[in-house]
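Which chain is which? They are A, B, C and D, in the order written, and residues in each are numbered from 1.
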């Protein structure tokens, strides 16, 4: 069967290469959409969860009490790290994030309250859980205010998961298109070969005997297309990443990742499956006619 | 010729629809890349040029002198608008942009120097021109400092034009792929019809007589594919924009625009041209054989 | 009965029995329905009314799964050859054995033998596209006989051959027939009808006329529309079965699968 | 000379002159090169050596642009029909007029006439796919004669027809010939060769033998390899021109474009 499939590929090499190229382009769209989706997902996890809480201390809280509070907060299961930020450090930090406004740097230290910065374990937190912790901490004597950045976090998280959903919709649409294109392409490349199918049927080949090599051919074509798509996307991705790492890395606050091995394997097998499916659909027609 | 082309389309309706779908997907990729490119361009123009300059005034500069300075600055050809920002306003603005830090709002007004905010004409400025203006203004008596946001602007601008270049590379690659796919698709759908070409040649049709309707058919197919691609992309774009306007609008600081009419016309004619080209390539083979 | 155009059945009232191992000529004017009759036997087409019995089974009611088994026992020479133009001569003939799953060594030797019998030795590697009309016809014949089927249906197998070669090929079919194979041979060629005194079925105007002793009676039958000749029988408009009874040399498993002992009429 | 396989030229030493308005039969065994000879005339193939003159011009050296003009003056009935299966009968015939740019009204009436002449009136709308072998052959004939060409090349045009219809079709070609058209008719059918005492060219083993008076001499020529018969001439291995001289009824412009007055030999 394999030899018959290979013979088919060899005989119609030109047409087959054309269809492979088409399949590859279609799958490239899909892989690109998946890549964007996967990175958007990572980005959402990174930025979407409320992982930062600032506990502002009252003015003049003494050193030892502050330290014991920090220790207690650090011991909470949700907290990954608790760091004390003095007034001077706060002023400096604010000056840094501002737009070059030197005035802040010259402001008296007392304006900036000391705080304890909590970094939460991203996997352990939910918005509710954070709100409960904040309420509990707020009641402690030395605490002036607890900032959970809820508004910001929620807006960002909403936006990101919205973007992710959009990406998902696009990926799904692309997948449908790709399915259509791949099966159409395989169908077209089969149409030129209906005579073969007809002849085999006329000399008494069973439908499964006819189908086998064509399905295998379609699968090989699809897998080849997927492989080509992955290679092209990979080349594009790594070139671009090396080039724009600095700027985009700074903007997104993360390192864009290529598709995981699992997704790659899925793409390959998906390509093969689509090719076989396209062949199957085309064959159903051809076999019905002969 | 038109009637013969239409007859061809009608007779092989199934195959032709398949190829149109394939062409549409390929052109969708191209149109998407163009859309991204165009919006990135707009974004770059919006954020990349140094269009904002803040002139910090010395403490206690008197009202009249300040106003005359503002007038002089506003009269510069590069300046679109010059606005006086008092200390109180500056404090308020800083408090607003901060992350909910109420401390700034309570800081004494004197900490925040009054300033004149200049908005430049984006088309008239270059980084050098701005630097020259800044140097000149800096020498005036009431001026404490001139902030051109140069570092920030330059980094952002570099990043954006880098991104735009990347988009351009991608769009170009996609265009090559699309060219290949469209012409391959038209070729495949022609391959089933080589018999027609052969017969026409054998009864004495001149190559141009044979070519005409097929080229027209290819062009119609390409244009149809392009139209489908535009409709799909448009539907996707406007749905998504309506949905995520708020969040993305805030993040990007701009209103994403759909492709301009010129680009749309270009896409349509490009699709038609590609279809005709594909037909032409396929025909060269077919005519050589017959 | 087979109707293609409203009110003009191509075949009607055809009531034929062809015995195992017979050699039958089918003739008749162009468009009389010769090819259609053969198509009904190898199930490329189905009857609109009436029955075709093969080993007691009605071919028209075979399930789709059984059609391949039927066709493996029938070798067909198609009027339009039905060759794959870009396959070589060898591949076009070998396909009839490959579908049976025979090992390639056997395939090679039997294809070589068949090509030799039709006078195409040494042409195995040429693509059929470049062959002359007569050579293509012989490839089609080689494909039909290479798996030694129980019935051979030959639709105009000598239309593109010169008289000498046509007689050779007729001799080849005679030879195959001597081995016990049933041959149904559709032809226009009077020379062939003259040389062998075989049973002759003339299709005309949708009816079957039998002329048992060759061309003289055929001319007679045609002239008198089959009524004056006592060998020729004209039938009413009633559709009846065309019987092609069982053969011993069907391959065992297929025969069982197709024509089980309990299969009634 | 035409060589397909090394050392085995299909045609060699063929030296023929066919006069304007002649009716010539070409015969010979399968694979002798009849179709190849005709292909050389309508430039579907080119000679490897030698010349083919048409109105004093060498067909083998025609520029690619002139081939359509040549073909519009030649009607060909192809051995394998070369019809477009999914076109209707009408479309398959009409294409020969459409390439001339004739208005569709004239196309319609002339196609209808041609279909009537070959006995296919009323079948214009059927796709040729469903026609019988003989009917397809007649469509091919209708296409070849519909534009009233200067030469008609018929390659086995009666191979799928019954004897009566074959004689009818031969009569049709005779009729066309009477109108001044040159007919080159390749056939295996001895019956046809017998009925009309036309010039006969026998191709065998790459050579052309002429047998002027029908079948008796043909048999003779074949038996004696053309040497004993004084009407048949065997030629040496030297390639010579096949001359098909000019016709008056070529359409003026094409004729000028193709065969200008100063075009030498």
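The rule we apply is simple: a residue touches a chain if its C-beta (ideal position, glycine included) is under 8 Å from a C-beta of that chain, and two chains touch if they have at least 3 such contacts.
On a predicted model such as this, the values are computed, not experimentally measured, just so you know.
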Farthest chain relative to subunit A (centres taken as mean CA coordinates): D
Distance from subunit D to subunit A - Cα centre to Cα centre, in angstrom: 69
Subunit A-subunit B separation of Cα centroids, rounded to whole Å: 24
Distance between the centres, which are taken as Cα means, of subunit D and subunit B, whole angstrom: 64
Shared-contact residues (touching 2 or more other chains) in subunit C: none
Where subunit A touches two or more other chains at once, by residue number: none
Contact graph of the chains (line, ring, star, complete, other): ring
Inter-chain touch pairs (all): A-B, A-C, B-D, C-D
Subunit B residues within the subunit D interface of the complex: 11, 195-196, 198-207, 209
Touching residues (chain side subunit D, partner subunit B) in the complex: 42, 44, 65, 68-74, 76, 78, 82-87, 92, 95-96, 99-100, 143, 147
Subunit C - residues contacting subunit D, complex: 4, 27-31, 35-36, 79-80, 130, 132-136, 138, 155-156, 159-166, 188, 190-191
Touch list for subunit A against partner subunit B, complex: 15, 18-19, 21-22, 25-26, 28-29, 94, 98-104, 106-107, 111-113, 145, 147, 149, 151-152, 155, 158-159, 162-163, 166, 170, 173, 177-178, 180-181, 184-185, 187-189, 191-192, 236, 240, 243-244, 247-248, 250-251
